[in-house]
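Here's the structure, in structure tokens; my notes come after.
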Amino acid sequence: MPLDLTTPLGATMALLPEIALTLGALVLLLVNAWRNGTARDSRLSGYLALVSLVPSAIALGILWMGGARAEGPAYMVALDPYRFAALALILVATAGTILLSLGYLEREGLIAPEYYSLVLFAASGMMFMAGAEDLIVLFLGLEIMSVSVYVLAGFNRGSVFSAEAALKYFLVGAFASAFLLYGIALLWGATGSTGLADIGARLSGGEVPVLGKLGLGLLLIGMGFKVAAVPFHMWAPDVYDGSPTPVTGFMATGVKAAGFLGLARILYEAFPAATEVWQPVVAALAVASMVLGNFVALSQRSLKRMLAYSSIAHAGYLLTALWPGSRLGSGATLLYLAAYTLTSLAVFGILSVLGRGGERDVTLDSIAGLARRRPWLAFALSVCMLSLLGFPGTFGFVGKWAILAAVVEAKQVVLAVVVVLTSLVSAGYYLPVVMAVYMREPAGSESHSGAGLPRPAVITVALAVAIVLLAGILPASALASAMDTAGSLGPAGSAPIVGFRR
Amino acid sequence: MTQFLASIGFDRWILHVLLVLPLVGVIPVLLGPVAMARRTALFVTVVEFVLSAGLWWAVNTTPGTLQLTSSMAWIPAWGISYAVGIDGISLTMVLLTTLLMPLCVLGSWNYITERERGYYVMLLTLLTGVLGVFLATDLFLFYVFWEVMLIPMYFIIGMWGGKNRLYAAIKFFVFTMAGSLLMLVAILALAWAVAGRTGTLSFAYEHLLTNSHVVGGLAPWLFGAFALAFAIKVPVFPFHTWLPDAHVEAPTAGSVLLAGVLLKLGTYGFLRYAVPFFPEVAASPWVTNLVLLLAVIGIVYGALVAMVQPDIKKLVAYSSVSHLGFVMLGIWAATVQSIEGAIMVMIGHGLSTGALFFLVGMLYERRHTRDISAYGGLAKVVPVFSLVFTVVALSSVGLPGLNGFIGEFLVLLGSFRVHPWATGIATTGVIFAAAYLLWALQRIIYNKLDKRENESLTDLSARELVVMGPLLLGILWMGLYPAPILRRIEPAAVRYIETLRGPLGFQGVSQQTPVVPR
Amino acid sequence: MTLSLIQAAADAPVPAGAVGWVWLAVALPLVGFLINGWLALTRPAAKTAVSVIGAGVLVAAFAVAAAIFVQLRGHPPEAPLIVELWRWIPSGGLDLRFSFQVDQLSTVMLLVVTGVGSLIHLFSIGYMRSDPGYARYFAYLNLFVAFMLVLVLGANLPVLFVGWEGVGLCSYLLIGFWFQDKANADAGKKAFLMNRIGDFGVLIAMFIIWWTLRSLDFVTIAERAPLRLAAGGAGVTAITLFLFLGCTGKSAQIPLYTWLPDAMAGPTPVSALIHAATMVTAGVYLVARTSTLFAMAPVSSALVAGVGAFTALFAASIGLRQYDIKRVLAYSTISQLGYMFLAVGTGAYVAGVFHLITHAFFKALLFLGAGSVIHALHHAYHATHSHDDAQDMRNMGGLRRYLPWTFALMLIATLAIAGIPPFAGFFSKDEILAAAFGRGESQPIWFLFWGMGVLAALMTAFYMMRLMAMTFLGESRVGAKEREHLHEAPWSMTGPLLGLGVLTVLGGLINLPVFAGGHAALEHWLEPVVAKAQDIMPLAMPHGQTEWLLIGGAVAIAVIGLLLGWKLTLARPILPAREAPPDTGFSLVLFRKYYIDELYDGLIVRPLVAISRFVLWKGVDQGLIDGVGANGSAALARGLGWVGSRLQSGQLGFYIVVFLIGAVWLLRAVAR
Amino acid sequence: MSAEVVFYLMAGFAVVSALLCITQRNIIASAMWLVSTMFSLAGIYVLLNAQFIAAIQVLVYAGAVMVLFLFVIMLLNVGRGGNDLRGAPVRLVAMLIGGALLAQLFFLGRVTPGGMAVLRGAAAGSGSPMDAFPAGQTALTAPAAQGVVGAIAEPLFRQYLVPFELTSLLLLTAAVGAVVLAKRKL
Amino acid sequence: MLLGPALLLSAVLFTIGVAGVLLRRNAIVLFMCVELMLNAVNLTFVAFSQVLGLGGQVIVFFVMTVAAAEAAVGLAIILAVFRHTRSVDLKNINLLQG
């Protein structure tokens, strides 16, 4: 169904998922106005939040199945499968986060129902960001997301770490968003528009003006911060470390996804003609992220912090996926994000149930011999590690495979080699986890047993792991749909992959 | 026999059954009571062997091409399919694997006492993985099996291994992965290069094989990536150091499978992929000389280092390095004899080294030490064990009439025409082999029985005899009447050489003129 | 019939008559081995059964051999008869059959091996009676015979190689028969390794032959060699040299001879059978087998002859100063083998084989005689719980009173080996020397070889007489108590001795030369085998008075040697081993065998082990590859990671600095 | 006196007060200097005929936001929290980085409507460069036509409807967040 | 028309803001510098809007709301931190590291 996005009605239709979600958040706020004291209230609002995702999901389904597309050029928000996929991904991440939080907040005594409405606000921000067809929308969406995540990071008011995480995240974030904004300004100056499509059209002819180049550069800085790409990553370890674990998971899944999907849209729609400008930069950022993330992760004791660094490394992989600027590239980005999101959800879920009073002290030693006490948990954790490592049979491998294919298709073997070699390094910290849970003896009584696992978290982990395995063994549909979706991004008719048989 | 097999449609389902059956077997092992785990595993592996034995008649090896091929779309958009096939070479490897597997289960019967279920699950999974590598005819599938096979072995070493098992396990994993990851990139690059030229993206073996020449300047790099992956697995000096650690730490069955099967994956990879895909590179003097050098170093070096090992398992491990050197030499000589010899060495090494590890394991179960110096004079207390040990050791030494000789003889005979010097040096390996094995033999079963603990050793039990029996039979059979095996290998070997003849032939293929003109 | 089943895989017709059953000659001992082996593992006490089977199969095998001999005698084949058992290694152009070759040469060897073998088996029944490993012993012995027959019957090099290494294995097992004593086990290992070095040569030779002649069958080799190989060319020379390397290992020639003396650690009958009569002569057999090749390679032949002559001299000189009765015989064996190589190197292949046969007789006799001496002393010591060395001749003396039969028979053997007519040794040795002398006229170097041979003959006579004197003559140095227990061995042992004695006396007849009224039967018999070689490399036997001079000289020398040996030995009183003063000066050098063992040990063995352990294993493997390579890179990675995490200082200011540096760089990068 | 002169005066004032803002040891002082920067910017906005923006610049920024800052400063009583300026090395780094950054941005000074017109593909020197920018001309004329506020309101509620709605969501989020964090008890 | 000079001015102010962020340790001042940077960007928008139309001014309007929102949350966070550490000096805020 074609929608004219320039009319209020059209825009409203196109934005149904976001709107539905926002309304849900508002309702939740209202409920909280009366019910905000006890753990039951917190749980209640948690489930409400979960429920309020449903209409959004339904709206999304309608749009997607109905084959909604923009009449004429997309305006302010995109209306294509790539956006829908992005929204779906974000919804999944949000749902997962909420489920993980349910038990966690009670355990850590964080009884403040606003938490969930903030999560929902953040989610809608992410949706706007990932679906933005206009830099202003992107910026505002990003701000909505950031503002709520700043707060969520500092949500554990009893913990100085949480507060510090929030402050660091906020200061650097605001700083970075200034760069982003400056970039938007210069781009607007260069092209007289903030619409991605218009910018793309304006820049398509011949040499990109310096104004545009600088704008692009500043834009990359801003986004680079959001996705925690080296050298704009320094905040990530500390913030991941200090935030409440479900929030960390939210950052690793939702925020990262939104950031990369937004970035993908920018690069593919606004700058398909400027590849020679941004490809070297993206490549450099990717290599730096992969190398630094993986190497530094080697030296971490705390699991949570190790995962923080590994998320930097994965940002590197994702940048590598963006590099080719091809359909395969955007598809790989989507696919890898899906894989990474699911796996991270599971990992952080496991981490959150393993922890006690924060997870900063969950270390290899503390999970030694986990398999003896909690075989399934150990199994899930191992699967996640292998998936993060990109081991065949897991979703992670499919994602990595797609990335490698994308760069190889673009004749950029060097990047591919860097990817695999750094993956090898990552084996140096993923495998010890598997070893610890299976091959080492319990370190004693104080080891984390996670007595009485909260059921929602368990369900989340189980589902995520199941999908990770399933998609790893039968990747055909995942790959195919990702590539189809990718086809909708970027200037129409971007070259299809050689010999793709349908 | 052949008619019977045809009548039950054997050739249509056997390969898939072989791949699936172990995984199916995993379920009862997991769900059944712990006590039943080993029995179930034994049952499954025996059935597997019986089924695979049918291949001996079912596979028509005369064309030398892949037989019993069947393909099923897996990721159609990417030209990836679940495709399997078998030829003379893989036939022997498959049979070797399926033969060793039940023996491994029997060999672990009392050795594994804790987490039995998991252990046998790992064994069965490993079986599927290994068979998959041998049977896959789609590079993606091949790679997946190649990697997946790592996990069970990793756990077998890491969970049921010795004191230093964690180090050994991760070393094994990382070494292997280091090679295979680069190979992954190479596979992709190859596929895309071919796709760019032919317009069809496909990972099917034959497709890539027939078009691999289009990669042009990329070939050396791709070959390098493949070769590295396989060289680490073989292992070729200097990538061999993971092997001793893995062998020493792994439980008996683990060592047996490592030596008996997993090492063959590397040489098999060279035979099946690395060399046929990039014959020009493989044939280039630079590469040839390098490989020859490493092979010869491996032979002599492995033997010398094995000689001075205080630990029996380490000794056997290094002997593997030495033996596999012969295989590399044979592959690069690329004459009919050398290729067949290489494969015979692969099989023979699988039997005799496997047997050696079993015997070491049996000693270990009795005395809980692998220290050679802890033994001596055993022939007095455990004559049967000593007899078996002697026979196996001699077969590994390459005593004519036993299996070891056939392979080494053919390899050297075939290679000498092509690379006289390398072969000459390699031949000294037979001396060193005798040196280290006989010395070990003497220190273990001969000399004075001066350790009190050894006086009460019990001789081989019936179960252990059952384990050794098939191996001994195989050793004798291969040594005395290898013709049937050779007959099945030959066409594939010839075809292999054909593929190399390509634009610039292998120097090995060209007929040599006598040293002195008439 | 299993054979028919096996031969289904073969496609050549089976020769008619006894020849077709030649495989039985191998199969019988093999069966004996299996049964005895089974008994050894299950009921080692069943000694009667073991003896019956062990000796029985040999006698049966001898019967087969005799039958074959008769058949060939009846109508001698012009071409060797090939009995193909099964297709062994079909691979490309190489189509190896497991087949036996029955011709005059192999028949002779067949007879010698089974015949002497039977006698020694019989002897062993008595000699090993009391040994706990009785069954095992016979199992090994049977296995040895089986392999030895494969060796002599093999129709192509690989099959021969099976036997070649098989006998090596058996000698290894039998030398280390009493493995409880480390020295014995060491000796066995040493023997095997030395042989392996030789086998290396054989292998290379096979490869070159395959390379150049595209076949490994003896018949084909003999056919093609003259056509495809240039006589005296690099190819054939290389082949023969490598083959000869193998021979030096198997037949204990310089430089690979050192294992044989140690091999005396095995039971004495083993020394008699394996290390005197049969196995060690395999090298000579191989040269005779491939005579065509050797004939085509004059350089190699010269080397063979030279090495043979020198070994003969060298070993004999060592034999002069040995006290262990078996060691003396061991060195004498080496030196006699040297004669045989001198023969085959000279081109006198028949003479070589002839000496091989006679030597088999008298050396076996000597060893068995020594065996019964040791047996007797051993029993004496055993009865008196004395711990003297039952093999040291200094503890013997005057034994002829106690062991008359042994004495008499060993004396015959001594005369034979010394070369006193009409005993067997005389004819064969004389023929060799004559041939060498004859070649000397065309190639003077052979005069030198001849000279060595003669000198060696002198020494031989000397040390043999010395042995006899120290053992049997003079006054007894055996303790008074022990003397009561000294007595001749039972008939089961002296019987075989007697048989060998007869052979020693009459052995010469099989090739009685013309001048002695014979008609060189063996020479004619072997004619078809060596004809080709003889054509290429014809012999020039001296005739007329030269011949008579040579004979006379040889006999004279032998007599002198014997007399010297007798007189000098008994001139001074000999002290028992316990109070004997250590040798000094050159005699010490001789006693210590020129320190060759020490040399090998210090120059090759120890350095090799040390290098392997400290340089290769600890250095390269653990230090370089693992330490620097694997673990090093891992440590490096961790180190980098550590540095990275140190930079993560927690100070926001620093974070922003990094951020900005990155930002500035990025802006430069895009704006460029 | 002409607009240029006024502009440069105000620009100079803005820069100076900005510099003082970041170098003043006393926090309150630097806050005040920031306010003065904002005022001068408001003036410049007027010169660039963005009167409405100038107005809310004064209201929202110099008014609301800065008051909030000062309030917090007072509340935390970190007013004379001593010297929070970093040491000499950091200052050097700051100068270097700042210089490098400025060097990257310096070309902005040479941007002219003509140059932008050329980028738009308008033939150089063909009449006024503004011919290439109809939107710009309306921007000049619109205030006169429909009043300062109306001129802004028109695009605000048509073109930029979606972002406008987003800002409301943003402010709501911020409010909730601030409340959550500031609440005494959780 | 004052385009180039205005842009340059904004660049200068932006840089000054960046320098300020580098120079100061006090979280609040740091944040003020960020506000300064945002203002600089606003100037860019306004300057361009002379040529490119009123869109720029609208965006400035949005930016101001963003700034306000950030200010609200940011200052709340600073308060929260202050509760724990009794200080807003960044050199005391480095518990998370490594």
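Per-chain numbering from 1; labels A, B, C, D and E assigned in written order.
One rule holds for everything that comes next: contacts are C-beta pairs under 8 Å (C-beta built on N, C-alpha and C of every residue); 3 or more make two chains touch, one makes a residue touch a chain.
Keep in mind the model is a prediction, meaning the values are calculated, not measured.
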Graph separation of chain B and chain E (steps between touching chains): 2
Chain at maximum distance from chain C, centres defined as averaged CA atoms: D
Chain-chain pair with the highest tally of contacting C-beta pairs: D-E
Gap in Å, rounded to a whole number, between the CA centres of chain C and chain A: 79
Distance from chain E to chain D - Cα centre to Cα centre, in angstrom: 9
Approximate Å spacing (C-alpha centroids) for the pair chain C, chain D: 104
Rounded Å distance between chain A and chain B, as computed from the means of their C-alpha atoms: 44
Of all residues in chain C, the ones touching two or more other chains: 645, 648, 650, 652-653, 656-657, 660-661, 663, 667, 671
Residues of chain B engaged with two or more neighbouring chains: none
Multi-chain contact residues (two or more partners), chain A: 136, 140, 143, 147, 150-151, 154, 157, 166, 168, 171, 175, 189, 192, 210, 214, 237-238, 300, 428
Chain pairs that touch, as defined at the top of this document: A-B, A-C, A-D, A-E, B-C, C-D, C-E, D-E
Interfacial residue positions of chain C with respect to chain E in the complex: 645-646, 648-653, 656-657, 660
Residue numbers on chain A that touch chain B, as the complex places them: 386, 391-393, 401, 404-405, 408-409, 413, 416-417, 420-421, 423-424, 427-428, 431-432, 435, 438-440, 475-476, 479-480, 483, 497-502
Touching residues on chain E, where the partner in the complex is chain A: 7, 14, 17, 21, 27, 30-31, 34, 37-38, 40-41, 44-45, 48, 52-53, 55-56, 59, 62-63, 66, 69-70, 73-74, 76-78, 80-81, 83-85, 93-98
Contacting residues of chain A [partner chain D, same complex]: 8, 11, 15, 22, 29, 76-77, 110-112, 114-115, 117-118, 121, 124-125, 128, 134, 136-137, 140-141, 143-144, 147-148, 150-151, 154-155, 157-158, 166, 189-190, 192, 205, 209-211, 214
Residue ranges of chain B in contact with chain C within the complex: 171, 175, 238, 240-242, 301, 304-305, 307-309, 335-337, 340-341, 377, 379-380, 383-384, 387, 394, 399-401, 406, 409-410, 412-414, 416-417, 423-424, 427-428, 430-431, 434-435, 438-439, 442, 445-449, 480-483, 486-487, 490, 494, 512, 514-518
